[in-house]
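In what comes next, chain A is part of two complexes: it sits with chain B in the first one and with chain C in the second one.
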Partner chain A sequence: MLLQLLANGLVNGCMIALMALGYALIYNTTRIFHVAHGAAYTAAAYLCYLLLIVFKWPLLLAVVGGVAAAALLGVTMELAVYAPLYRRGASDLISLISSLGLYVALVNLIALLFGNETKVLRPGVEKTCRLLGVILTRIQVAEVVVAAVLLPLLVLFLKRTLWGKIIRGVRDNPVLAEVLGIDLMAVRIAVFAAGSALAGMAACLTALDVGMDPQVGMPVLLTAAVALIVGGVGTFEGPVIGGFLLGLIQSLIVWKISAQWTDVITFGVLIVFLVFRPEGIASRRRRLEESAA
Partner chain B sequence: MRSTRRLEEMEATASSVVPDAPPVVTLECVDLVKNFGGVRAVDGVSLSFEAGKVTALVGPNGAGKTTLFHLLTGSIKPDSGAILYRGSPIQGLPPWTVAQMGIGRLFQDVRIFPNLTVLENVLVARPIQRGERALVSLFAPRVVVKEEADSTDRASEWLDRVGLSEHADQPAQALSYGQQKLLAIARLLAAGSDVLLLDEPTAGVNPMLIKRLLTIIRDLSGGGRTVVLIEHNVNVVLDVADWVYFLDEGQVAAFGLPQEVLSDPVVRGLYLGLRA
Partner chain C sequence: MRRNSWHSIPPVLAILPILLFWGCQRTKPSRSEEPIRIGAILPLTGESARYGQYIREGIDLAVAEINTDHGINGRPLTIIYEDDAAQPRLAASAMTKLAEIDHVPVVIGSWASGCVLAEAPIAEKMKVVVMAIAISPKITAAGDYIFRIQPSATSYINALVPYLVHKVGVRKLAVLYVNNDFGLSQAADIREQFEAQGGTIVFAKGFPSGTADFRTEIAELRKANPDAVFVPAYTEIASFLKQAREMGLSTRFVASVPFENPDILKLAGSAAEGVIYPYHYCSGPANDLDKGFRIEFAKRYGKEPDGFAALAYDAVRIIGSSLKAVGTDPDRIKAALYATHDFPGVTGKTSFDSNGDVIKPIIIKTVVDGQFVDLPSGGGTSAQALGNQQAD
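For the complex of A and B:
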């Protein structure tokens, strides 16, 4: 029983971690509290639905389409809204309000086009795999495999490659980066594309697993934001750790208390971290590295 | 004091000691004006900076020196006037384009990427690398790996030059203030900047490091780079500068050889608080 719950927590954590890392890429680099990231998530799930169910595309192509749509939507939001605001020196609050407006507009548009009811992408009973007494559907296995491949690759990419160093440099000091010859706008477009694509991937896989409705983006976004704060704002490993931690906690809540308490406990964890460890989990590791150096 | 006649006199004196070879002006500004609200921070300033020379900008606080650096690097746009780099106008270009053209800047308040290692700080500033292009990264990883290895070697050389090679793998925030200034200089060198704008490079740095800094500045200018220095330390100006512009209230008040400008009684009165 415990093993099954841990496995469910792992699956849940994989999706939160993907969403949180995407969100961290955007937030750490641009400092925009990108609420409309939730809309990119929802749009990806619905495009996947459209391609798979309405246009009868193969599953893989439908997922690729959903991911691409999220990336395109993220870049469009940056080019049409955030970049002009940045160039005019708008405050963080203006960006937040604009993002909120984008979220509301896009989600209502999706509801208008597809309806408010829950949509299921794979009707019927999903085939399962059994391993060490744990039962997972094939989609859940796919969620774990995708996260197991993408998350370490991305963290390594950010640590090792030149692009990763540039993104981390912009995170530390965007003004300095620009004076050193780094095209800030190109970096912002890249992080919006990559971050939104990660949200799209999490959205398509989750939608295939449990279905979706037009409001699905906001709770996922808030959980990702909690994972980022718990893991450590400014880090890229932190949100991944935070995502897995929240996934496991949420799974244990379902087992020990009730699913209704999931949000209460999630935000309870956030408050505990804000009070006792506002710098998050990953910052401790950074300090240890420093002392070892 | 700030009369044109005075300036012309000093320029005439200066030109009489210019060596035979015609100077190569790399960067110049013409009638540059910048207002902040009702305050005219830069008021019709015209300056030129030569390759292979160290030019110092001196003057009291609020004279417009740092604003001038902001204008030259594209961080702010002038209200009027022109900035020419090797004869081509660059005013209005974004800072990253100006930097890629070859104009690098050291900030007064030392600025680093604190969470990157010392080596990574230098690597990020290397000139355009093919690894920056996403498609090359994806489809020609070997090219990128080789290029990154070369970049690492070059960056290590620059760190060695400023005496920071042993700290290469430490987070940059672990360095002392003076070492962070050296790191910022190594980063400028690695960027391959042709024109170096150094805003108070010796401020807050211990005497041993100042010595090292001045040697580096002399080497850079000796190697043909254009060095522009904002400096309050008179000894440093006398030590390294070839030319001095004295700025006051957003205007050029005097220009000439360091010894002449700094010994001018009016400059001494305005700048050093010493009356003739």
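For the complex of A and C:
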């Protein structure tokens, strides 16, 4: 029983971690509270549905299509909205409000096109695997495998490669990075593409597992944002840790109390961290003068 | 085609003066030919529009049949439709409009319980009879002029519990309810009824509307090991059933009224097989009247009627017969409705109690081979219908 609960929490944690890492890529580098990330998530799930159910594409291609759609949508949002705002020196608040507007517009568009009702990508009973008394469906196993491959690879990529260094450079000081000859706008496009693709991956896998409706994006986005803040803003391993932590906590809440309390306690955790450890679990070591800024 | 349309002009011209003459005559109808207008407030747009649409189709069919059969003592019956999009605020303004501008004696609807509760005080004040098609137990006490053709949520539980206890042999019941008005009241009703019959509730938890992942609850349910799990919810139950079968939860599954929704069968697939639920409309024709209704409905709309279309059809026929008997005075219609006893309809015999709540048979149903079917209420449980618990 406990093992099953931990396994459920772990699978959910995998998806939150993917979403949170994607969100961290965008937030850490651009400082935009990218609410429309939730819309990219929803759009990916619905494109996957369109390709798989309506056009009868094979499963893998449909997922690739969904992920590509999310990446494309992320880049489009950057080029059409955030980049012009950045060039005009708009404040963070303005980006946030534009992002909220984008989210509302896109989600309502999706609801208009596909309807408001719940959709599932794989009706009927899924084949399951049994291990140590823990029962997981094949889709859940796929979720774990994808996360187990992608998450360490990405964190290492960001830590060890030149591209990772550039992204971290932009994160630390975009103006200085630009002075040093880094094409800031290109980096922004890259992080929007990669971050949104991660959201798309989480969306397609979750949709295959439990289905979706047009409103799924916002709770997932907020959970990812909490995972980032709890894990440590500015880091890339932080959101992954935060994601797993939240996945496990949520599973325990449903067990010990009930599902109605999930949001209350998730955001309760956020408040506890903001008060007692605002830098998050995996805080970066900063120089004194840096943290003062 | 072009030639044909040219040819058809002279006859049209010939008919025109006749039409005009007839039209002029019609402008001052004698009082006995003036249509009787009643209102209908329905969710015709928005998320619940599909229910409003079925209800409207049921109403239109009944009205058409009444009007071909001499109308209401020779006067045609017409319906003024208002859309509330299942929003109480819009239902209240629709009610005000129908009462103050159109002066209708009767309003059918709405479908959403919140909308009915918003209409009720206006209807009471303006003395308009309301015939709701809504489920909330709160409507029972909504007012003297408020009737409803759909049984109260509590009535469904009253029929369900004896079936579970005596026919299926459920002793330990788990309840997993959607955390809103509907789910909470269903959970409270079943607890009261089930414990009164000597059963035990071994698990009761709520979940927020729209939940898609029930695996933690299912792990707990496996440990609690109930004889049956009752899940009063909307389409969320599809995800629950799917995941429960995947995780090998081998109990009976019991649902509530919103379960009879083709979308749920599509979402849950084979996982919906064998779910037991109470409903107000049979899957096969209930009687000769119902047989005719199904044929006419299919002819007119090209589809099967659902349970709400059937209720709406019965509602219009009951109102029509009251109008025929007592005329258009709301107080006299109200009295006639309270006096209605065993009115034969497509959903069975209908009476109203002193609260204006309908008294009608509730049928226990299940899913077999992807179809909603009736369970025999007299004999034992159908082994074919109920034995199919484990998906693999």
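Simple rule for what comes next: the second predicted complex is superposed on the first by the 283 of 293 C-alpha atoms of A that agree within 3 Å, B and C clash if a C-alpha of one lies under 4 Å from a C-alpha of the other, contacts with A are read in each partner's own complex, and residues count from 1 in each chain.
Rule of thumb we're sticking to: contacts are C-beta pairs under 8 Å (C-beta built on N, C-alpha and C of every residue); 3 or more make two chains touch, one makes a residue touch a chain.
Since we're looking at a predicted model, the values are computed, not measured.
Clash-free side-by-side placement of chain B and chain C is the outcome of superposition onto chain A. In the superposition on chain A, A:D183 contacts chain B only, with no contact to chain C. Once the two complexes are laid over each other on the shared chain, residue contacts for A:A80 go to neither chain B nor chain C. In the superposed pair of complexes, A:L274 makes contact with neither chain B nor chain C. In the superposed model, A:T118 lies in contact with chain C only, and not with chain B.
The superposition-derived angle at chain A (between chain B and chain C) is 150°, Cα centres, a multiple of 10.
With both structures placed on the common chain, the touch criterion links A:L162 to chain B but leaves chain C unconnected. In the superposition on chain A, contact is made by A:G234 with chain B only, not with chain C. With both complexes superposed, C is the one of chain B and chain C in contact with more chain A residues. When the two complexes are laid on top of each other via chain A, the two nearest Cα atoms from chain B and chain C are 37 angstrom apart.
Listing the residues of chain C that touch chain A in their complex gives 47, 179, 205-208, 210-213, 215-217, 219-220, 222-223, 235-236, 238-239, 242-243, 245-248, 263, 266-271, 391-392.
Listed in rising order, the residues of chain A touching chain B in the complex are 161-163, 165-166, 168-169, 171-173, 175-184, 190, 234, 286, 289-290, 293. Of all residues in chain B, those touching chain A in their complex are 73, 75, 94-96, 99-100, 104-105, 107, 111-116, 120-121, 123-125, 127-129, 131-132, 134, 137, 144, 148, 151, 169-171, 173-174, 187, 191. Contact residues of chain A toward chain C in the complex are 1, 4-5, 8-9, 12, 116-120, 123-126, 128, 135, 137, 209-213, 215-216, 251, 254-255, 258-260, 262-263.
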